[in-house]
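As written, the chains take the letters A, B, C, D and E, and residue 1 is the first residue of each chain.
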Amino acid sequence: GTGGAASGSSSKNGLPAAVAQSGTLRVGMSPDFPPMEYVDEKTKNVVGVDVELVNALAKQLGVKVQIIQQSFDQLLNSVQTGRVDLVMSGLSDTAERQKTVDFVDYFGSQGRFYTLQSKAAKYTQPSAACGRTLAVSKKTDYYQQAVDFDKKYCSGAGKAAIKMLPTDSGSAARLQLEQGRAELAIQGAENLTYFEKQDPGKYEPVLSPLKSTPFGIVTKKGDSKMSGAVLKAMNALVKNGTYKRILTKNGMKYAIITPALNGRKG
Amino acid sequence: MTTSTTTSTTASPLLRAEAVHKYFGDHHVLRGIDLDVARGEVLCLLGPSGSGKSTFLRCINHLETIHSGRIWLGDETIGYRQQGARLVERPEREIVRQRRTMGMVFQRFNLFPHRTALQNVIEGPVQVRRENPKTARERGVRLLERVGLGDKFDAYPRQLSGGQQQRVAIARALAMEPQLMLFDEPTSALDPELVGEVLTVMKDLADSGLTMIVVTHEIGFAREVADRVAFMDGGRILEIGSPADVLDAPRHPRTRTFLSRVL
Amino acid sequence: MPGTSATKAVSSTDPPPVAEELLTESRKHPGRWAGAGAVLLVAVFLIDSFAGAQIDWGVVRHYLGAGFLIEGLGMTLMLTLVAMVLGIVLGVLIAVMRLSKNPITSGVAWFYVWVFRGTPVYLQLLMWFNLALIFPMVSIPGIYSARTVDVMTPFVAAALGLGINQGAYTSEVVRAGILSVDEGQVEAAYAIGMGRLRTMYRVVLPQAMRVIVPPIGNETIGMLKTTSLASAVGVTEILLEAQHAYYVNNRIMELLIVCAIWYLAAVSVLSVAQFYLERHFAKGSSRPLPPTPLQRLRAAAGRKPVLR
Amino acid sequence: MPGTSATKAVSSTDPPPVAEELLTESRKHPGRWAGAGAVLLVAVFLIDSFAGAQIDWGVVRHYLGAGFLIEGLGMTLMLTLVAMVLGIVLGVLIAVMRLSKNPITSGVAWFYVWVFRGTPVYLQLLMWFNLALIFPMVSIPGIYSARTVDVMTPFVAAALGLGINQGAYTSEVVRAGILSVDEGQVEAAYAIGMGRLRTMYRVVLPQAMRVIVPPIGNETIGMLKTTSLASAVGVTEILLEAQHAYYVNNRIMELLIVCAIWYLAAVSVLSVAQFYLERHFAKGSSRPLPPTPLQRLRAAAGRKPVLR
Amino acid sequence: MTTSTTTSTTASPLLRAEAVHKYFGDHHVLRGIDLDVARGEVLCLLGPSGSGKSTFLRCINHLETIHSGRIWLGDETIGYRQQGARLVERPEREIVRQRRTMGMVFQRFNLFPHRTALQNVIEGPVQVRRENPKTARERGVRLLERVGLGDKFDAYPRQLSGGQQQRVAIARALAMEPQLMLFDEPTSALDPELVGEVLTVMKDLADSGLTMIVVTHEIGFAREVADRVAFMDGGRILEIGSPADVLDAPRHPRTRTFLSRVL
């Protein structure tokens, strides 16, 4: 139950009154994105880098965390309707998305091309990807980036266009690589680290990383109290070293950025 | 076999139709039916196919609306109530109540195929009259015995011959204890050998004093059982009178041709 | 009102003595108008709520004209068509097999229905698309040979998966339809010397269509929506196109509403087609046809007798 | 062989002169055995291919016993049950409304079917779950009031969305069923003084069930699979559980095959239920009932005359 | 009216049944039927309900299998071929060919409801005999005119009265130019007034020399048209002979009770 939604009186940590009173931060996650968030098979809990980060964040804010699992399509609606207080699920901050929600950027993700290790030697320069079949999850920002890449190096440069093979998840893209329907795939660098742990030596990143895009913590558009409190707490985590420690521990040093509100421009 | 072969009676008639007209679309099917049926009377209705016999029977039961005219059952008009100079259709509740006072037996039996003979018979009493199922059962058994089906309580309709099915249908109608029974060609879907069974049951009913209107092609039955016989054609009653008069000395030429073909 | 007396022969000369002052009136339904009012109020309230909701109708309007969604719709319709045709052909075949007296034939048909109706179509799609996991090559020995992944394009996989799955459902519908045709029809066909096959397609199936068309209409409309699963294997149908857009701009509800509008339009067209198909196959049936909207209009315009 | 001559009265005393040496034999079907062989060969080939495929059957075996998938299956079954009950109740109601002579009643029913059959159930699910976008609060004035998001839990949203959508499809099936009942049945019911409502549920619907049950069986089996869409609003049914597992371990095909096996099991149970339900409602119908498997066994055991 | 009232003929019979037995499950329905029908003969089959008349007719057409015995049409055994001491069912192709030589008219007409009267008639010639549609049409028109339906070519069955439907059914059977016509109670589903139409057509056929086996309850028709009358009961032919003998002086007591009830 809730009292009045009056967010007037602020509390010590700057959180909206309703959240501060309940003492629980409800976080929406779509646990389909290892190693950022996924379901642990044994405990059935949602675990991952985002979970570690949000736990630290909540500790900083002096509240408990309640993780609410939802499909990707549903996450933003849930912020809108107040079903969750924020969403932290590997969502990229984009200018387009900023029109409807606010982002507190916290993670500098990098897309990587990768292929089977046995075939990695072929890919020495960007034009080597031209005319190849590329599997990429349509749910990610990488799809658009791949299109841009194609424009820049292949179809735009008078070479054979990349054949796009959209899939509905990163793992499905990988399956196409294994069957030989696709010759290349794109995945976040964080996932590739994870695959390496699972199937050592099977895959190999190739070509240079795609443009870095920040993941953001999603808050309701214009709820400056919430986004302000989250940004403040993130900055505190950066300052006390927790942020760096968590990312380094997971082998994601490359992703360290300075937290910012709606940091992606244009 | 019946009490009187002359026509009707002392008191007011049980059923009275006054200038009943009925259209199907542009088709004028009943063109002014006037008819009285006295209590206890058996009226046989004859006529060629398409003359409107079934339609008239269905109007009596308000299974069809009528266009103009009135049908009285006792001192109530069926299906419509007069309000000043207007005849307004009654609400469903009243129509259902009026239908309960009449029993109807159809040419094609129309038994409920998913219920046994006995269940068919007690459906009305239990569901409509809210009778106690146990007493309804007992009465149902007696009725089935009366129509000669003492051993077929648990048979489903499809396990019965046509004649047996029609007798169940009669028992089902009787179970509502109607004041007036309407029969629409009850034997014409039956094999010749089976017709007799049903006619025998109907004759018993007539002898017991039940008021009946019977549409039939069985001239023998009409001659033996009817108090009066009416001949319909083209939506009108062309001739009505004692069986002897209508069947043996028809006045109307159309009646004569019809009888010559059927007999 | 005493009874009429003895025999009388009524004159049959026209016109009849119509007592016009006793015209009947059908029952009044004051509840109807109250009901209409209530429904209208609820409708206005809902429309108002939707209009005022946190849904940006400008965005909806914008995407309604978007070319890529219309292309996606084209793919959806195409896939629906191909899958339904395959499904109906298979459905008829399997239904006839199910009804065969030959235990092997009917057993095979039964197994087909059991497997394909019993497993999720999503899995079936993935199975077809990933057939190379099981059969790396397809070949007709000596004539043709190719890598399975090259043959099994997204569209082929989706059409096969959806069509074969649909065949299982359709066969049950067709079976019910065949059983609904009077046994006497088959005998009449045999008696004029028709064989089994010809009896089936000249006599039984045309009559079964009366029972078959409405559920197949249901299934076609269902298929229209089920095709969205084909996005799992990379067919860019309308919903996938919309997803591509909303993954970028977050306008989830708006884009889904645009899809819904397009689906509704397609369903409306299909419903009209179904209506006329039903009329076609009702030809000669004992239940009178409902009037077409056109006929209804004409009837409303013309004068008619008083009846209900 | 010259004709027989004039009148004769045949003796009717038993026994008849049976010419046992002229017993008939029914047609031989050598094709059947060839067919059986071919089918068997194909089956062996398929099983062998699957067994040898890049599918790890050990993993399949392992997950077949996994508790979380069985829990997910429980949720799937629960949701199927609730949604189908809601769908059937609504379907009957809407079908009866569709057939009403009252144009407003039938118009409302028509609109319901048009909207809910015409839009993707995925969108409908999201709409219900996100009803708060449109109505932030639900309240019965003076009695009860709550935030919509608290009332609209994932399960409630899924059950409402799926059930209301199903109602639109079911109503078409029920309508066809009602129309299939002979008009004479309604008249017989009216004639013994039943009202419209009682006629509907005592006479018409029980007979319509014969036509209704098979497609509803289809739809129930469809629903079993459609519930997987409920994962969009966070209901953890079996497919979502499987996805959670394969997002982590990448065993996509293996986990989907496990799901397929569970679905097949559930569908098999449902099919048996449908079979007996069909028999129940076929009671008293003119088409003879097919024997139950039990009866078949008994018949096979007992001795029988020679006939086909 | 017919050429001879005595029985059969010079040459071999067109149809010969030898010791035909038939079971439905445990139910022994035909208990040894022996019968010869000569070319051009009209045989009427009488008997109570359930005596096996329809079943026998259906066996002739191989719509039912038989258990033992043989049915010859000309010099072929119907439905089965003798191979040494065995009677093996023929392949479908041959059965279809044999059925084409016989026409059958059913009690309930069984017209194809989705085709017009004329389409019903030409269905067999065009589809089965691969006749040119145009000549088939012309022949169909003549046949419909012959049964008195010159103005109903384009009517669907449900737009026709029962008597008209039955006449279309007869035309449909005739269109295959059968050597033998089988009628299974062709008038018993008709209104009394309509029976005459159909019987008139059948009488014309008989007069034209067509071989016919007619199951009927119309004693008048049998007396007037039949060359011989057979009486069946309990799966046996109890009595067979000229109409005068069987109908007016039945020898068997069962025949006597039956006739007393039907007449």
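Keep this in mind: contacts are C-beta pairs under 8 Å (C-beta built on N, C-alpha and C of every residue); 3 or more make two chains touch, one makes a residue touch a chain.
Bear in mind that the values here come from a model prediction, so they are computed numbers and not experimental data.
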| item | value |
| --- | --- |
| Intersection of contact partners for chain D and chain E | B, C |
| Most extensive contact between chains (C-beta pair count) | C-D |
| Separation of chain B from chain D, taking each centre as the mean of its C-alpha atoms, in whole Å | 43 |
| Inter-centroid spacing, chain E versus chain B (mean Cα positions, whole Å) | 37 |
| Residues of chain E touching at least two other chains | none |
| Interface hub residues of chain D, defined as touching at least two other chains | 54, 126, 130, 133, 252-253, 308 |
| Per-residue overlap in chain A, given as positions that touch at least 2 other chains | 73, 77, 80, 172, 175 |
| Touching pairs - complete list by chain label | A-C, A-D, B-C, B-D, B-E, C-D, C-E, D-E |
| In the complex, chain D residues that touch chain E | 1-10, 12, 16-28, 304-308 |
| Contact footprint of chain E on chain C as seen in their complex | 182, 184-185, 187-196, 198, 202-203, 206-207, 281, 283-286 |
| Touching residues on chain E, where the partner in the complex is chain D | 6-9, 12-13, 16, 18-19, 21, 23, 25-26, 31-32, 36, 38, 65-70, 79-80, 85-91, 233-234, 236-242, 245-246, 251-252, 254 |
| Residue numbers on chain E that touch chain C, as the complex places them | 61, 63, 92-93, 96-97, 99-100, 102-104, 106, 108, 110-116, 123-124, 127-129, 156-158, 169, 172-173, 175-176 |
| Interfacial residue positions of chain A with respect to chain D in the complex | 1-2, 31-34, 38-41, 44, 68-71, 73-74, 77-78, 80-83, 169, 171-172, 174-175, 178, 198 |
